[in-house]
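Here come two complexes built around subunit A, the first alongside subunit B, the second alongside subunit C.
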Partner chain A sequence: MFEAYNRNLLRINLTDKSFQVEEIPAEVMDKFIGGMGFGVYYLTREVDPAIDALDMGNKLIFATGPLTGTGAPMFAQTALVTKSPLTNGIINCYCGGNLAQKLKSTGYDLVIIEGACSQLSYVLVTPDTVKFIPCPELQGKGVREAEEYISAQEGEDCGTAAIGLAGENLVRFASIISSTRVFGRGGTGAVMGSKNLKGVAFKGTIGVKVHNPRVFALKVDEAFAVFKIATDNPYSLLGVFSRYGTGGGMSLINERYALATRNHTQAHFATADKIDTTAYHKLANSRRIACFGCPIHCGQLHSFQGKDGFFTRGPEYETMYSLGSDCCNDDPLVLARAHNLCEEYGMDTLSAGCTIAFAMECYERGFLSSEDIGFSLDFGNGEALLKALELMARRQGIGDLLAEGTRIMAEKIGRDSAHFAMNSKGMEFAAWMPQRMSGIALTFATSNRGACHKRGPIGQELMGELPMESTEGKAKIVAGIQDKVNALFTLVSCRFADFELPIEMFISLLNAATGMNKDVTDFLDIGERIWNLERLFNLAAGLSSESDMLPARCFEPIEVDGELKSLNREEFEAMVQEYYQVRGWDQQGVPSSVTRKRLGLELPWK
Partner chain B sequence: MEIKVCFYAFFREYSPEQALQVSLEPGKDTIGDLIQVLKEHLGEKFSREVASLIKGNRELQGLVYVGSKSILRLDKLSTRLKPGDTVKFLPPMAGG
Partner chain C sequence: MLIYDSKSCTECQACRLKCSFVKETEYNPAKSRLSIKGKWPQMPVLKVCRQCQNPLCVKACPVSALSQEEQRIISIDYGLCSDCKLCVQACPFEAVQTCAGKIYICDTCKGEYPCTEVCSTEAISKKG
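For the complex of A and B:
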């Protein structure tokens, strides 16, 4: 039997306020490890791919991994898996902070939430019981207020997560937030809102017992040593993240002409340096903040003084793009306030910003008038940007349309707006430009989440390890990254850990903690198994190879330092076909029976 | 030979100006030579935190670009410069 697990899952039914504890079979641990693996395994078994994501039949699965709550560094994240109201496919997303450690301390490895509350409520999980607590007084309240309320009721030693107004209003890209860390993408907050669930709280004291404490402690020391060398070097990636957060690297992206600007019509934002982290260090009192057990502390808290003073955690780089360059907003205070609105209302800053950039272009082209919108929504208009975010979260006026995201907006607006609605599978683009980075083009196109940046060769392409534009060899590289990151997300590792830690060290930690005996091949096979299972779920949900296409704008020329460059459509399509081959899928992108058999995939649905 | 040198992000702490025009003497045309000139021009902080580290710090070498290529992908400190080149000191990035 494997160690470092509680070996139990908790199933909570909100409809009849019941709960039950179930044992997690050893075979599931062996084949899926934990975190994302657990989430994808149980969701694909238990949720009909064809249902609407906001139907009561959808489930929310919060999952930890075997390294959660141990002394191993950079395993603070909680995985969340559900069906996405934005993409209509499966979504896995991750939140740092201390939620995972608190969840695991209740004696469960994962929590499956089913059904819906009859009135707005939150749920408290302890090792002994589950409480369903109505909280109508929190209706319409911001995330911070909701989390503070729950902590005040249940004690500050709780781990909490909550939704804001956007989740209650079923904004398709609403987030769930835990103490300024975010399950950002894909509308998990809307799923929680559809269940009338304002928040969750975990409170326990159960520790983690590892298989071989002596070897595990040795491996933990080795991992810390790797991160210490990295953070001591002010020029390494994690050294820079440690000092400046993710926003410290914006000028590299800009100078490489890969900073999406003006709804992806430009690759360079002339005033980008007004909104990067070094600019915030001049404007605000800033300090660093870390997730549980993390030696990097990439979080940046900024406190702005004055009578309207406020503080933010972030913006992160991705937000500097979405609510910054993509909307031509170079006002750092407007950006910080926009970021804060998204945190208060609980909205994904990426989808929110990218959607507003799309609306700005629709306004510029006359597809949306100032009468439709209620005001002028020009690029670079900070006041309009903030107003649009308010309306979006409230679903008031034009906000009701904005809250649907770019894909549905384009369907409703019509004309040729879909060609510049920058999404893949309905999920708005993350901060990277398919026009400039062919690996990112393939990543956005083929990700089971939609236009997600978590599993792409970003650093390799930006820092010159791989050519940015050539499609040669990218299919195999992207598939390899997808499998590897999936495997890491079973643990559940921070995405930044593998920038320094070799894969063998992750596996050593896993084996020493659990008593497993995995090697690199076994580990990567697990990542591939999960990827294919998600793909099969998405196909059953109605997605197809057409969903692996990018908007037409991605194939239009873009100016790069005085020259026009573009992603060649034929080369891109050939790269997608090559990717299908690498994956063992047919020409329509369906995993073949041989591939399914090799990965041991059983399908509970047709 | 005239070379343009641009500083970005945290590298701007080393230079009061974001862009400098630097003259290199004939025969002194490598990145290593440029670093020596910058050391004299920019002073103690640059000397301590960049010039004295760059030889043994692969990551730092990866942040110095000639045009669109990092010197790590060229000839490191021996990378030869030509008139009109732009040398950039850029931060690292991957994901985020």
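For the complex of A and C:
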């Protein structure tokens, strides 16, 4: 029997306020390990792919992994898997902080939340029981207030996560927030809102015992030593993150003409230095904050003084793009306030910013008028940006349209707006530019989450290890990264951990913790199995090879230091076909029966 | 003695994980002998035994389960402890930790403080 697990899952039914504990079969641990693997396994078995994501038949699965709560550094993330109201496909989403350790300390490895509450409520999970607590007084309240309320009721030692107004209003990219960290992408907050669930709280004192404490402790020491060398080096990526947060790389990305600007029409933002982390260090009292057990401490907390003083976490690099360069906003205070609004209302900063950039372009082209919007929404207008975010969260006026995200907006606005609605599968683009980096183009196109940046060759293309534009060989590279990152998300690792740790070290930690005997091939097979299972769910949900296409803007030339560069459409399409081949899928992107058999995938649905 | 610099502390809790692993062979911050609590924008606070000259926890113990040993280290005789928690109330520094009815007090690990080894910002360090 595998160690470092609780070996139990908790099933909570919000409709009839019941719960039950179920044993997790050893075979599921062996084939899916934990975290994202558990989430995808249970969701694909239990949720009909064809249902609407906001139907009460959808489920929210919070999952931890075997390394959660141990002393191994950079395994603080909670995985959340559900069906996304933004993409209509499956979404896996991650939040750092201390939530995962708190969840695991209640004696469960994952929690499956089903049904819907009859009135706005939160649930408290302890090792002994589950409580369903109505909280109508929290209706419309910000996330911070909701979490403080729950902590005041249940004790400061709770791990909490909550939604804000955007989740309650079913904004399609509403997020779930846990203290200073976020389940950002894909609208998990709207799913929670559709269940009338304001928050969750985990409170327990159960620890984690590993299979081989001596070996595990040695491996943990080795991992700490690797991260120490990395963070001591101010020029390594983790060295930069530990000093300046993820925003520390912004100037380099801008210099390399890879900073998406003005709704992805430019690759360089002339005034980017006004909104990078060093600007915040001058403007605010700042300090670093870490996720549970993490020596990188990439989180930045800023406290702005003065009459209108406020405090906020971040913004992260991706937010500096979405609410900054993509909207041509170079006012650091507007950016911080915009970020703070997203944290209070519980909205994905990436989708929110990218959607407003799209609306700004629609406004400038005359597809949306001042009368439609209620004010002038031009690029660089900070006041308008903040107003649009308010309306979006409230679904008031133009906000009701903005809250749908770029794909549905483009369908409603018509003309040729889909051409520059920067999304893939409905999910708005992360900070990177398919026009500049062909691996990113393939990543955005084929990711099961939509235009997500978590599983692409960003560093390799940005730093010149791989040619940026050439599509040659990228299919195999991207598929390999997707499988590897999926495997890492079963543990549940931070995305940054493998910047320094070799894959063998993750596997040594896993084996020493659990008593498993996995090698690199076994581990990557698990990542591939999960990837294919997600793909099959998405196909059954109505997605197709057409969903692997990018908006037309990605194939238009873009200026790079005086030269025009572009992604060639034919080469891109050939790369997608090559990718299908690498994956063992047919020309329509459907996993073949041979591939399904090889990965041991049985489908519960047609 | 343990020195704490709250400005450097990132609240990662690695020290507490290390403590519980060294003492209990399990990873469980709830059984750690030290606690770090923060609530931004306030600075975090470390709570750990300071080896007082006249320890009020020892005085408060009605069953003599607590005693002060060499280097002023507090020793707990769990055989005698009745889980009354009077020591918890008596400590002015909130340094007596509790989990599931049991008390935990830092014994400095013979002055080695292995908890400091995993602090990435040297927010906790040992003096002397």
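In the analysis below, the second predicted complex is superposed on the first by the 606 of 606 C-alpha atoms of A that agree within 3 Å, B and C clash if a C-alpha of one lies under 4 Å from a C-alpha of the other, contacts with A are read in each partner's own complex, and residues count from 1 in each chain.
One rule holds for everything that comes next: a residue touches a chain if its C-beta (ideal position, glycine included) is under 8 Å from a C-beta of that chain, and two chains touch if they have at least 3 such contacts.
Values in this document were obtained by computation on a predicted structure and should not be read as measured data.
Annotation for the three-chain superposition on subunit A: subunit B and subunit C fit side by side.
In the overlay built on the shared chain, the residue A:217 is in contact with subunit C alone; subunit B does not reach it.
When the two complexes are overlaid on their common chain A, residue A:291 makes contact with subunit C while staying clear of subunit B.
Once chain A of one complex is fitted onto chain A of the other, the partner contacts of A:205 are limited to subunit C, with no touch recorded for subunit B.
Of the two partner chains placed by superposition, only subunit C is touched by A:303; subunit B is not. After the two structures are overlaid on chain A, the closest C-alpha atoms of subunit B and subunit C sit 19 Å apart. No residue of subunit A contacts both subunit B in one complex and subunit C in the other.
Interface residues of subunit A facing subunit C in the complex, by the touch rule stated above, are 69-71, 73, 98, 101, 105, 156-157, 180, 205-210, 213, 217, 224, 227-228, 231, 242, 285, 287-297, 299, 301, 303, 311, 313. Within the complex formed with subunit B, the subunit A residues making contact are 233-237, 239-241, 243-244, 246-253, 255-256, 273, 276-278, 316-318, 431, 453-454, 458-460, 462-464, 495-496, 499, 561. Taken in their complex, subunit B has these residues touching subunit A: 8-10, 12, 49, 53, 57, 59-60, 62-63, 65, 68-70, 72-73, 88, 90-96.
Subunit C meets subunit A in the complex at residues 7, 10-14, 17-18, 20-21, 24-31, 37, 40-41, 99-100, 118, 120-121.
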